[in-house]
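First chain A sits with chain B, and in the next complex the same chain sits with chain C.
Presenting the complex of A and B:
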């Protein structure tokens, strides 16, 4: 029998309130959601990297587990091959040209839309933004015809120009939003100091826009790096293939060496992951610029 | 240095007119303050002088040349902004020398001019710092340094002290005054703070709803406000305004308040018997024991400020503020009596608000 007289009083201060319980529940829900989302992103990456260390037989029998015997040769064979480095340099050339042109034209166009009022400016912005709704694959045939007419089939420019064009919508949107949120007094001060639009763009806007430059740069770099369909259609010579097309050599008519495909994919995505982590701070700052009053 | 003249300057945004034909002449080396409440058009007017706003009609003349179509740089003006508007990615020295760099001035000359301005403003130890590493006062000094370096014809100040705390504002106010005394450049200073305008300017222009209400020296505006708006705007605490009717005329004229209280009016006031008026009494002119009309009422509020005490007392059913010596034994609820000489009683037409 419970001895009521010796029962301790409940410490009201230490007992969780309903508000605290709701907050704790929200935290649990938030962490579980984050873990699920993280797993959706991370599991395929890890499986791909681990798959590259397996034999084809083991990959079929145990696609997600650790390899019983680590096949380092899958990776080393790719790394020592001349083709791998040639394709990497092709990827780099295409990606860097794409980034340079996207940043240059995107920033300049966005600056005009942000600071110069002219007839039809809003319509023109919307015209560029419509581009966000259409991936390059939807227009691949007219693109091919236009690139062929320009004589750019099987050249880097044949891949770079469509990538720049299709990246322009996102680039202009992000740059314009950022530029519009720079304090207008800076423009006034620069104008009084003797800047015109070009000097203001060069001396003031660009140096203050590093976060958004990093953001747009990384987005267009990753987009170009991972692009498959445009290079596939525009490039004929294997010597001009970027990395994503390099996967094709492991695909035979009757069988595919999936373990090599996975090792190859792992090696090709590593640079973009490293680049993302290095620029992560700028990317987030750029994407959220202007969201709140600074 | 240069003179500045505005001739019938107007500004409209579409159908909305914000500046209604302002004319103003500012002499070479003069320090003029544009004051008025928020939205009166003073900043717009300054920006029109600077070339940052288009002029809808009229002429802006700097150094005897019409500059309507010239860029700010071509007008040879320098401007200090309320938010400092320093370039965050440049050091203090780079900020100050930026306009010279743009004009292609040789580097040694830039360094020399920047150092000269920095010495004048006590910025030498800060030249290598970025704006984010400076305090508010230091940033404002850099903004002024940026203006000085180019040796402009006209300085334009757009509420430069508004972002500073009260103590720093007083300090910077003296620095601006000293700076003007040193360089003697024509200066136009926009502020909504009439104390700033009174202490700094040779001449004050009071603006209201895009029109000039009155211009004159600080003491002219204080002593002889042209209308009710200026009377209420200049002076702190603000002038007490009471409704009254003229009783008697000539040397015997007096203002009779609602409760029958009579206040003697100076003979030079152009009033007529029975005229509906507004009576203006400055708080600092209501002194206990001085000569003139005695006014009395119950003390409603006592606000000690140290050297002085503000007493709010009831006069003809209206709260009236008086400023007395800090040692005065004021007490809530007690009867307060003050006197005001006839020449310190301001009178305005009740209909038009014009001073009589």
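Presenting the complex of A and C:
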């Protein structure tokens, strides 16, 4: 596993690979290529957002351009609808619970693995690492039966607990590597002063662990916010659906009215896009570095 | 375990006191800190996987307890099912697309963004954006793009004055349309891996190449590329793992159709096991998927990522 403390933050702008200036011709070629790729990324997104402002008839004739008459009602009808806010809050509740438990349980277990010697510790770490090797889908039917037997079908917990369980491997891995790389002098000093493990965890380890808490938190939040298969299996009532399930239902209901579906998609991905632009540095670094190190 | 826990005190007294305080606070912490993770992980990850292996030998609808033992029949049915064969082929195609399209594309973009170019941060941001969107949303957006009546493909066809194609409804072409979406969604992530890989390269090696009069392309082929080996292997590894999990994106695009031409292993599990509540059959598919995942993860790490 990579040493987290020596790993560089990912920051493209400050790291030219070559000391030479780029020739003008090369520069033009680069910009043209980058702009073409950027267009392929952005055009579907913008067309989706603009499509939500059109009528179905206009969508047929003019899928790319600006709408001739902006149909604000497509959007406002969704924004004032209960279902949109219900789905958003369902997603948010599930994601926050998932993040909280993934962080708490993961950090606690990882602390034991990083600092305490006990019989079977290495085996136990490897046991958790098994969880990194296969997706939740492989055991989804027995998982459904287990959740049903626990009486958690159609509850938030029925989604949260499996998500936390399948996130445990990642969380423990990242936390353990980080804890082990904290300077060992801290540890020695604390124990000379008679500090126990519990106080060490609360007063020294956790306050020093903000970066890794952010990384694990971002990974598990994004995973939960976007998750589809676990809620799909565990939830029955539409009133508890998170938004990815909501999109599918909405599309099923309004399958003949693409403009409404497009407005709905736009509004549901809007929080993600806003959050991404606000916290892009942390999100990109968290998702990339986190994936590499676990 | 780390050496941190071993005290190296100056005097015997300090060391003894410290040891006692450590030993005293060790067990409460273990008893308090380990069980939540251990319990949750065992009950909801390990046991279900074991149960999948058990259920896979039964014909069971999920109610009561499994009684109808069928031996290896579920497994025989899986490998005789042409939709499953198609799913295996499709999973392979996704890995292939990643190798032949995604990795070169990501590497190419990463070298451009890592060079001294204005707006690099902006492009990096745009390219990474699809990766943070939910697969379901990306799938739905591209269902609109590919729509021959209302979507962007329809618009382009109008401009060119040709009949619009319906790629997602064409059993020979649908999977390639999906491959396009997979690349669109994930190239930004792989590009970030390469950007990180490029940063880790020692600049003095490239400067040495400059002094020796190497051209840009020579530097790339003879210096940068060989040094990026571990990143390429990592990128391919993520593509393989991602391909084996692909489900969310397929559902809004095609749901596995038309006539099973775009099934992946997970959509196959869902369409044939979950929706029909065929717990035995679905569990057997899960076990096959598990064996493939673990074998690939182990052997790939052993063979290709040994030195990374």
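We adopt the following convention: the second predicted complex is superposed on the first by the 175 of 294 C-alpha atoms of A that agree within 3 Å, B and C clash if a C-alpha of one lies under 4 Å from a C-alpha of the other, contacts with A are read in each partner's own complex, and residues count from 1 in each chain.
FYI, a contact is a pair of C-beta atoms (placed from the backbone, for glycine too) under 8 Å apart; a residue touches a chain by one contact, two chains touch by 3 or more.
This one's a predicted model, so the numbers in the text were calculated from it and none came from an experiment.
Shared-chain residue A:62: touches chain C; no touch with chain B. With both structures placed on the common chain, the touch criterion links A:192 to chain B and to chain C.
Looking at the shared chain after the overlay, A:202 reaches neither chain B nor chain C.
Residue contacts after overlaying the shared chain place A:70 against neither chain B nor chain C.
Looking at the superposed arrangement, the partner reaching more residues of chain A, out of chain B and chain C, is C. Contacts of A:261 after superposition: chain C is touched, whereas chain B is not reached.
Chain A residues in contact with chain B (one complex) as well as with chain C (other complex) are 188, 191-192, 194-195. Residue ranges on chain A touching chain C, taken from their complex, read 8, 10-13, 15-22, 26-27, 30-31, 33-34, 37-38, 40-45, 47-48, 51, 56, 59-64, 104-106, 108-109, 111-118, 121-122, 124, 127-128, 130-131, 133-135, 137-146, 161-162, 164-166, 168-169, 172, 180, 184, 187-188, 191-192, 194-198, 201, 222, 225-226, 228-229, 233, 243-244, 247-248, 251, 258, 261-262, 265, 268-269, 272-273, 276-277, 280, 283-284, 287-289, 291-292.
Interface residues of chain C facing chain A in the complex, by the touch rule stated above, are 1-5, 7-9, 14, 17-18, 21-22, 24-26, 28-30, 32-34, 36-38, 40-41, 43-49, 51-52, 55, 62, 105, 108-109, 111-117, 119-121, 123-137, 140-142, 144-145, 147, 149-152, 154-155, 158, 184, 188-189, 192-193, 195-196, 198-201, 203, 206-207, 210, 216, 219, 224, 234, 238, 244-245, 247-248, 251-252, 266, 269-270, 273-274, 279, 282-283, 286-287, 289-290, 293-294, 297-298. Chain B makes touch with chain A in their complex at residues 47, 50-52, 71-73, 77-79, 81-89, 98-99, 102-103, 146. For chain A in complex with chain B, the residues that touch the partner chain are 183, 185-186, 188-195, 199, 203-204, 207-208.
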